[in-house]
Amino acid sequence: MGIEWRIIQREWRLVMARPGEVLKPMWFLLLVISLIPLALSPDSTLLAEIGPAMIWVATLLAILLNMDHLFKDDYSEGVLEQWLFWSRPFAWCVAIKLLTHWLFYILPLILMTPIVGLMLSIEADVIAVLLVTLLVATPALTCFSGLGGALTLGAARSGVLGVLVMLPLFVPVVILAAGVITRTTDGAGVGPLLALLAAFSLGAAILMPLAIAAAIRLNIGGST
Amino acid sequence: MIEWQFESLAALIAMAPHGPFVWSVYGLGALVLGGLTWHVRHAHSHAITRIQRQFEREGGHESET
Amino acid sequence: MTLELKHLHCERDDRVLFRDISQCVKRGEILRVAGPNGAGKTTLLRMIAGLFEADGEVLWEGAPLSAIPESVLYIGHAPQVTRELTVQANLQFLSGATLEAVRHALQAVGLRGYDDSLVRELSQGQKRRVALARLWLESRPLWILDEPYTALDVEMVAVLDQRIKQHTQAQGVCLLTTHQPPQQLDYRTLELGHGH
Amino acid sequence: MAWRWFHQWGSPRWFYERASRWQAWAGWIAVILLAVGTVWGLAIAPVDYQQGHSYRIIYLHVPVSFLAQALYLAMAIAAAVLLVWRMKLADVAMQSLAIVGFAFCVLALASGAIWGKPTWGTYWVWDARLTSMLILAFLYLGIIGLRSAMLDPNTAGKACAILALVGAINLPIIKYSVEWWNTLHQPASLTLTEKPAMPASMWVPLLINICGYYAAAAYLVFASMRGLVLHRERRAQWVRELVGAHD
Amino acid sequence: MGIEWRIIQREWRLVMARPGEVLKPMWFLLLVISLIPLALSPDSTLLAEIGPAMIWVATLLAILLNMDHLFKDDYSEGVLEQWLFWSRPFAWCVAIKLLTHWLFYILPLILMTPIVGLMLSIEADVIAVLLVTLLVATPALTCFSGLGGALTLGAARSGVLGVLVMLPLFVPVVILAAGVITRTTDGAGVGPLLALLAAFSLGAAILMPLAIAAAIRLNIGGST
Amino acid sequence: MTLELKHLHCERDDRVLFRDISQCVKRGEILRVAGPNGAGKTTLLRMIAGLFEADGEVLWEGAPLSAIPESVLYIGHAPQVTRELTVQANLQFLSGATLEAVRHALQAVGLRGYDDSLVRELSQGQKRRVALARLWLESRPLWILDEPYTALDVEMVAVLDQRIKQHTQAQGVCLLTTHQPPQQLDYRTLELGHGH
């Protein structure tokens, strides 16, 4: 059995062992979004105005918070170090793992967006654009937050540290996505912006596995 | 070209309406730079005392064993 | 002269753990790294396995071992199994073996019938057995085992000894640490921790 | 020749001894320049006809803002040196630069915020320059936080180096996107960009202070690095001799 | 040395060992709040309008996320089960631990509020009210999120699970606090609402340690 | 007739681990719980200690032991020390002892000079020694030790044996599990895992 296939199969088995894990980011998004009308006001025009931004921030947090466990358990159980004894480049294996993570955890989360969008009375076409920005941007987010998780493997009580370290790097993504959404509501063209976002994602998908692999190696070397 | 802009020390401190802003900025600047200076100097001397103490301890161990 | 350690050296914090370790281990040999707690046995084994940055050289058949990590089977202090998966899924992932082979290996380590148990429901010693089942599944020439006997009962210790013997008879190399000297093996000892 | 130079820089001892002199020089230059520039700026430079005396904050704000950015660049270079050549000194440099840079960044933010009150009537607006400065502060904080949370010091240095490099690659993108974002929304037109032509007696002290703060930063970085070098090399013979431990 | 004092001393030593831990929730709050203008718009009137609600939600998340580590490490290292062999009631020890946690981690977080308030152009008097609501409500939040942490000790990859489980229980607190803030901006009296909040906190402080202690016992019993 | 176990019974998943265990352990006695991996030794010890819900009764001097947990000193598989604290801080917290006492105990377990080391910087065996240092610090009559010899070197095994002997001579009770029979102790064995 190819190593790639083994990684995917294992990830799938983990999902099957705990299907609830897939729901956790979705649940988080839903909860945070439903807190907002409670804390603010049930005024639907205001909600619709700030809605897309709120969904973006909440999704960002959901992705980042979920990432803490991407490598952590495997690292502390000593499974991750076994990957180093495989005949395939470590960065390649990491890339596969990121891909499966995106498929199993992030994609379902994105599909949640229409529902929370409706809760905030966002219009259908804005929701559609929101979905597209998320689809295009999440590979970059996944890769960056994977780096956050990998860097903090050797940290004392990592917890949200990975989130904190990586959040500033998300600024361009957030801004571009916000730009796409505003322009849609204003009726302007969004093609170039989406292309920029896609380029960002592509760059991240190529470079980040290398950085993540280096960070993991580093942390394995530092532990006894 | 070089002439004092304030008649008195009080005027300098008051700086018309903006004294509190200007002085708090410079006060903060002095605080941060001074604090940092103290910190790095302290860290240096602290490193030295720690090393000295370490050696004393090692010396003690060796004479015991 | 298969595995060569050249001038391995390690300092941690302020202590020199070992200095200038040079050893040759031939095929079919067992090298036991011994020493009191904290002597640096784990550190040395991890350094050889390439998990800890080496100060010195580790050669395998003359080439750096770090270039061919796939010839090493390392089992350390960590459980090396995922709590949330079944025994079978763990072994399949780690070794890429077929179901049939996994079943055989589990039989060998006395875990017959536990294929579908989750690892977190096993006792300490059973978990250890799962990790050790890889010794029956993978054919890598260099075994590096850090205290493999921990938590095992007497019966399993004998089984493991048997397997190690078999491996060395098949021209494999085995490095291991233990506090109790293994009674059924012929080994050479590298003593750490009294040299400094 | 080039190699010897490189080798020397890799030697903590060589650095420790040399930097002692550089540090002294930088310190004295900083004291003199800052004293001259600040007194000049506060008391001698003419008053601004629009902002009144509040503009005198410029003599701290602008140099400090420059430095906050320059120090990040220096840190990223140190990070690259650490990852490529594994030079231990680069790790020390990164650690010092992060702390000093962060302090300057906070100072830039604070001075800007305080300056904002008399000029804009508010402490904070989401202006492009301010926002990217804030993000720079977060990047610094990330690097400091990561280092302090990591258990193993060697790992910490390299992890921070990876983070610093990724941040440095991203920094131009962040700046560009923040500027674009800001113009997109067209906020209250409060920008720092347009500056009236200054008379010499206004910009000379600014120049002096910029040099003075550069010197001060150099002093702080060298002093901090020397302390760290000493601590890291605490087992080396030369440190033993230096601190005069009876051996 | 009394057991109470030992717990406090240990907590203090942990803080001293990693002072950065105290900053993490504050840092999280600051980051999340600064993302909002980026995702939304830098328009200060809009920001001021939604600001208090955003600060509340972000503070809530900061508290909840920080709570993951309140019992987790001690549990998995087998330290927590040693508390059961002490001569003081377990719930009492838990209460002390919660108190120190509030003092060392939550109080500094609250003191961060004025700064983020300024960044969102919230007026000084609203910030003051925000501070008061947070001060009054955080004991309840701490206790509830402690329960979330305790309940999920035995869960597979707990992560944000505790957050998710407990967030719905925070609804009354959020609504009361939002009520206080809206009333202040409208110039109405807030005494009764604050009293309710305080009563809620008091109740939580009395009852929750018992529930948390029971939850921890349960989870210890389930592990080998 | 200090410690009485009455009709202890345990099923996990679908297996009966032990049924109807009744034992009396007198002051000064050592009871070794033995059995192969997965026999239920840890489960039994945790049940006695009150960490696992008991099906049956555990009495100490005639009263339920769960009412006086402070007479039990339990050391299990888990490290029981906080990685982020120093050795000293850990022991002070767990035992409430004075600095002086802690220093003595550390000397006894061969960790002199490690007072201020962080636990995470210790080797496997050294961590175990820290946990065991509590045996020198606390005076609780009933010791429950789950594989206390794990990861210890030969020297430390002897020291621990010595300490257990001392405890039983002072009228203490000790329950323990080990896979290698302790050589310097007089003990009674309760065999698990072959009865079902």
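In order of appearance the chains are A, B, C, D, E and F, and numbering begins at 1 in each one.
Heads up, the rule we're going with is that contacts are C-beta pairs under 8 Å (C-beta built on N, C-alpha and C of every residue); 3 or more make two chains touch, one makes a residue touch a chain.
Worth saying up front: this structure is predicted, and the values here are computed from it rather than measured.
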Report task. Quick one: how many steps at least from chain A to chain C, stepping chain to touching chain? Result -> 1
Report task. Could you quickly compare A-D and D-E and let me know which has more C-beta contacts? Result -> A-D
Query - Computed distance of Cα centres, chain B from chain A, in Å - result: 43
Report summary line: For the pair chain E and chain F, the C-alpha centroid-to-centroid distance in angstrom is 37
Report task. Indicate the residues of chain B shared as contacts by at least two other chains. Result -> 54
Report summary line: Multi-chain touching residues of chain A, meaning two or more other chains, are 17-18, 73, 156-157, 161, 164, 167-168, 171, 175, 178, 182, 221, 224
Query raised in the report: Out of chain C, which residues touch more than one other chain, so two or more?
Result: 14, 42, 77, 83-84, 123-124
Query - In the complex with chain C, residue positions of chain A that touch it - result: 1, 3, 6-7, 9-10, 13-14, 17-18, 73-74, 76-79, 81-82, 84-87, 220-221, 224
Query raised in the report: Of all residues in chain C, which touch chain F in the complex?
Result: 12-13, 35-40, 42, 77, 110, 121-126, 128-129, 147, 150-157, 179-180
Query raised in the report: What does chain B use to touch chain D in their complex?
Result: 1-6, 12, 15-19, 21-22, 24-26, 28-29, 32-33, 36-37, 39-41, 43-44, 46-48, 50-52, 54-56, 59
Report task. Provide the residue numbers of chain A that touch chain E in the complex, in ascending order. Result -> 17-18, 21, 24, 27-28, 31-32, 35-36, 38-41, 46, 49-50, 52-54, 56-57, 60-61, 65-66, 68-69, 73, 156-157, 159-161, 163-164, 167-168, 170-171, 174-175, 177-178, 182
Report task. Note which residues of chain C are touching chain A in the complex, please. Result -> 42-43, 46, 49-53, 69-70, 72-74, 76-86, 89, 92-94, 96, 118, 140
